[in-house]
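Alright, structures below, take your time with them.
Below, chain A partners chain B and then partners chain C, in two separate complexes.
Showing the complex of A and B:
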């Protein structure tokens, strides 16, 4: 292990570490644009220049590997002058259109200018080389060639991660710019990452364009609900509106990336939400109060079980629910209602596209968790559906907004066969249009819990902001229903449910919210 | 630091004729009549004005009603950068940005509302604006109105001034 000193501090780092990463270990920040931990080292932005003893010239910290006995200084006048000079050169042809740039607030040029620049520009706006602005280059990306500092992160991303190589450098000198080849727009499922890795405002998101200023946004840790991969995300919100999802680094799952369709899953948490509980009487919606609806639903389920036997009652779980909710739901179905009619399906309408990187065919975040908790999938679900279609069910409790791949007409026809259908769901959909009683549920952003990914990784998603309208946390709904059915549950929030689940369910044995931490934990076996 | 005590002189005792008030009332009426007569004789010296027909000239730095500036082609100069709602301590500015039909402008405010009931006339929005698009130089107060909605000035109202 080489030992070196950085600004007088001794550091021990493994062989092959760059000066930039060694400095990060001791809390010395070295400015950089082109270096990205998940991409190859290019060393072309020259922002990370540092002084190394016995080297005649300044070295780029990102591409210089440490050696035993190296003496590195990042705080000398020579380094400061060099970095300021590099920054000034980058800003020569920059349009300084921060007022209309979406990157403003999280922009590398703004941040480093305040730290290392603060110089007056020696170029007038008219003298600058102007390039094409607002180019729709396909995918989720808008390109503004003028703002680009030619760091080549995007080019390397498309070369090394997606392998599609759509972006390239064109022209020379001051006129050098990145662009796509004529008629060959971005064509991959990971274009959104380009906006994340671009240190300036050259590549920005089409979806987030002009929606909100980044300094108004707050972030919380969440999990993408778009498929069973369980990509870690930062959800950005202002008040109770979600604006965007960004990948949160987790080397065991998604590294620093996420797919384009996953990025848009936040929209369902903003639009067409179920906000007030209601009942359907003779086809018309009638707003109900939680205080009367919960006992009513519990009573109807219980009455159906008492009258025709527990097998006249059915429960359909959702792979969109958290482990905690599924655990409570299974106990409610098997212990309290005593029914064997409990199933879920991971199937959804659509093509079930998958690739060998992040996108999984199963478009639900928690199918694995449901299976681990003993809720049957597939054939059992089909049997249950045919039983409902044959009129063999008197009361049905449904979680989720859709019944697997069934269309709106099929769902309506199926649910018409059941005299009483209670739904716990987040959004308007086929089920809420047919259910007798609708209990609005908090979205993933509005509640906490855990999902089990397809690979068996249990990961936490956090509470972001209070539920909209009168929606309630499904854990709260389940505890209230369970207690009306005589459970005597004392769970307060998902943490206590997870604790109970870890004690009784083998796959989750020994886990706690503390042990899951930021990055989750693999299930046993 | 100890609390300082300031001695304030008590008003002097009134003399007997003063305490009768009779003479003092006549003196006071004399002042009033004097002003009335002198105003009739020299009308240009009257201090009060016939508001709202006559309006006082406000000092040049008076912060009054806002207005939005226009470009030469009549489009708003504002580019919806959100600097003013960020700086606003009263949170009275609501902007919704959109894609401008003019590609050279790129971003423009689809909505720009100022809630004049919330505004504290601090002038921070004017200070924050990088484009000199918002000014408070109309030289006049917000006129009263009969509903709250009418006092939320929209982009059209603000561009007119």
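Showing the complex of A and C:
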């Protein structure tokens, strides 16, 4: 363990640590652009210059590995002048289009200018080198070469993470720019990360462009629902509208990245939402009130079970539900309705594309959790569907917006065989178009809970903002239904449900929201 | 005086293997094969051979940087990317004595235990590349390259690789990147090429002239070579004199020759009987000298003492009547054009220098421009991965320090006093 001093403070760090990271340990911020903890060290932005005793020249903190007894200073006049000088050089050709730049507010140039620059420009506006702006380079990305500071993070990302190498440096000197080869646009499923790692506004997200100034956005911790990987995300919202998802670092799951399709999953939480409870009477939708609808649904389920026996009642769970919701739903089905007709399917329409990095074939966040909680899928689901199709079910409770891979017509035809279908769902879809009673559910952003990833990692997603319209937290819906069916549940919120689940379900034994922490926890066994 | 390289250059046929051998060519190689590789390296160390590419690093010391273990194959790369403005000595070796270089390569590779050698040759050197190719073919045919050279059991393959026209590829790590087919720009060090070089192999990169000196050193011994020069600078140097002299050309002179003597004696003095105004002594990147400063020995240490460099041995002679602002402007255009664009200070700084110096020359200089150049130079000096930034800064600073009044006059009069037009 080498010991070094940084600005007079002694610090012990593991062998091989860079000065930049050692400084972080003692709370000394060394400005940098090209350095990114998940990419190789390039050392070309020259912002992280520091003074190291016995070295005549300033050294780059990102690439200099510490030695025992090293004496580093970041607070000398020489360092300050160097950093300001590099920043000035970086800015001479940079366009002053902050007012229309999406990066404004989270821009490395703006931030460091306020901290280290604050200089008057000594460069003549007429002498600026102009480069091509607004280039659609494929994927989710727009390139503005003029804003680029040529830090090479994007080039290294495509070289080292995706291995697809679409972006390269072209030309030399102050005409250097990054670009794609003609006719060879970005061709990978992780392009959105380029906008995240770009420290300036050179690579911006097509999807987020001009949608919202970033200082209006608030963020909360969430989990991507696009597949079973469980990528940790920061969800950014203004009021009850989500604007974007960004990967939240979790070395055990997604490191610092997420895929392009996952990045767009937030849209479903804004659009085509089910916002009011309603019932369908003679084909027409009729707005209902929660106060009467919940008892009514409970009564219809109970009545069907009482009349034809519990085998005439079925529950279809959703792998989009949280562990907490699935736990309550299983108890509702097996303990309160007494039915064995309980299943889910992870299958969805589409190709089930997967790769060897983040994207999983199972496009649901919690299939693993459903199975661990004793809800079967596969053949059991198919049997249940046949039973419904054969008219063997009188009342059905469905969670989710779709029935697996079934098309809208197939769903309508199937559900037409059941006299009473109650749905708990977030969005308009095949099920809401056929259900007898629709109970609108809060989206992932509007409730809290946990998902179990394909690899068995239990991770929390957090409440971001109150549910839109009259949508309700499904835990609340389940508790209300359960209590109408005689459960006597006293759960107040997801945490208490999780607590009960951890006590009775072996895979979750010993877990609590506290123990899950920021990065989640592996299930037992 | 005794010459090492150019002795037979007057004979056009010296480039043919047959003639080269008539003059004793490849005898040094036979001698080397009878020696222990370590002995050869010792002779090179004794020779005080300083790298001829510009930095003047002791060649024997550089060779000692190779890792001790022989588990990984090693490579020798010959830097024939001679691009420093004012420097034109390596091309002379390649056109007049290609076998000197090849013999040097085989001996050096044997000493370094390198099995592969690439000659990275400047792209514009079309003729030189052809001559090298012909000479290499002759050497292969005569069993001087390839498998089991002269029955020694030593194998070596030599490949000529032509560059694509970038000055920066003369920097050894850019050269290696370019050789590997990558964008030619410098690598962050460490690792140094001696541990991770061409294609990942431990690699020694040497200048053409450095390698061409090796056969003579092996034949005559390191100490004899050292004695041709001065204290820490062994041997002779090829010095290219260009500009306003009566006899421009390449001269092989002792490494410790006097600079004034080079210009006034060997190169025949200033053309048209003009007075001398300035000398750029070692290639365009080296700090300029005033006439009163040139009575100095041309060895690395003596030049260093007066704040300049012998560099790559390219002496550029500037006569009276030349506009120094214009001259600097030409240099600044060159460095701005050749900056690879990797490091911020160089990428943006060289372009900015070009623009400021350009506008001063064009009669549009502003008060404070000279101070701005000097401050900008401070922010570029020693701030980058490779020395290209410094190569631009050194002339800029020295031109201003030594010819300040010309810059001030341009700005004050808002025109070039020499009547230059762009």
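As a working rule, the second predicted complex is superposed on the first by the 525 of 525 C-alpha atoms of A that agree within 3 Å, B and C clash if a C-alpha of one lies under 4 Å from a C-alpha of the other, contacts with A are read in each partner's own complex, and residues count from 1 in each chain.
Everything that follows uses one rule, which is that a residue touches a chain if its C-beta (ideal position, glycine included) is under 8 Å from a C-beta of that chain, and two chains touch if they have at least 3 such contacts.
Since we're looking at a predicted model, the values are computed, not measured.
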| item | value |
| --- | --- |
| Winner by number of chain A residues touched, once chain B and chain C are compared | C |
| First, second, both or neither for A:88, with chain B first and chain C second | second |
| Contacts of A:99 with chain B and chain C, given as first, second, both or neither | first |
| Chain B versus chain C as contact partner of A:123, first or second or both or neither | second |
| Partner chain(s) touched by A:480 [first = chain B, second = chain C, both, neither] | neither |
| First (chain B), second (chain C), both or neither touched by A:48 | neither |
| First, second, both or neither for A:134, with chain B first and chain C second | first |
| Partner chain in contact with A:213 - chain B first, chain C second, else both or neither | first |
| Set intersection of chain A contacts, chain C complex versus chain B complex | none |
| Sites on chain A touched by chain B in the complex | 97-100, 104, 133-134, 209-211, 213, 215-216 |
| Parts of chain C lying in touch with chain A, wherever the complex brings them together | 166, 168, 183, 188, 336-345, 347-352, 355, 372, 378-379, 382-385 |
| Of all residues in chain B, those that touch chain A in their complex | 79-83, 86, 97-99, 103, 106-107, 130-131 |
| Interfacial residue positions of chain A with respect to chain C in the complex | 41-47, 49, 56-58, 63, 81-82, 85-86, 88-90, 92-93, 122-124, 127, 129, 149-150, 168-169, 171-176 |
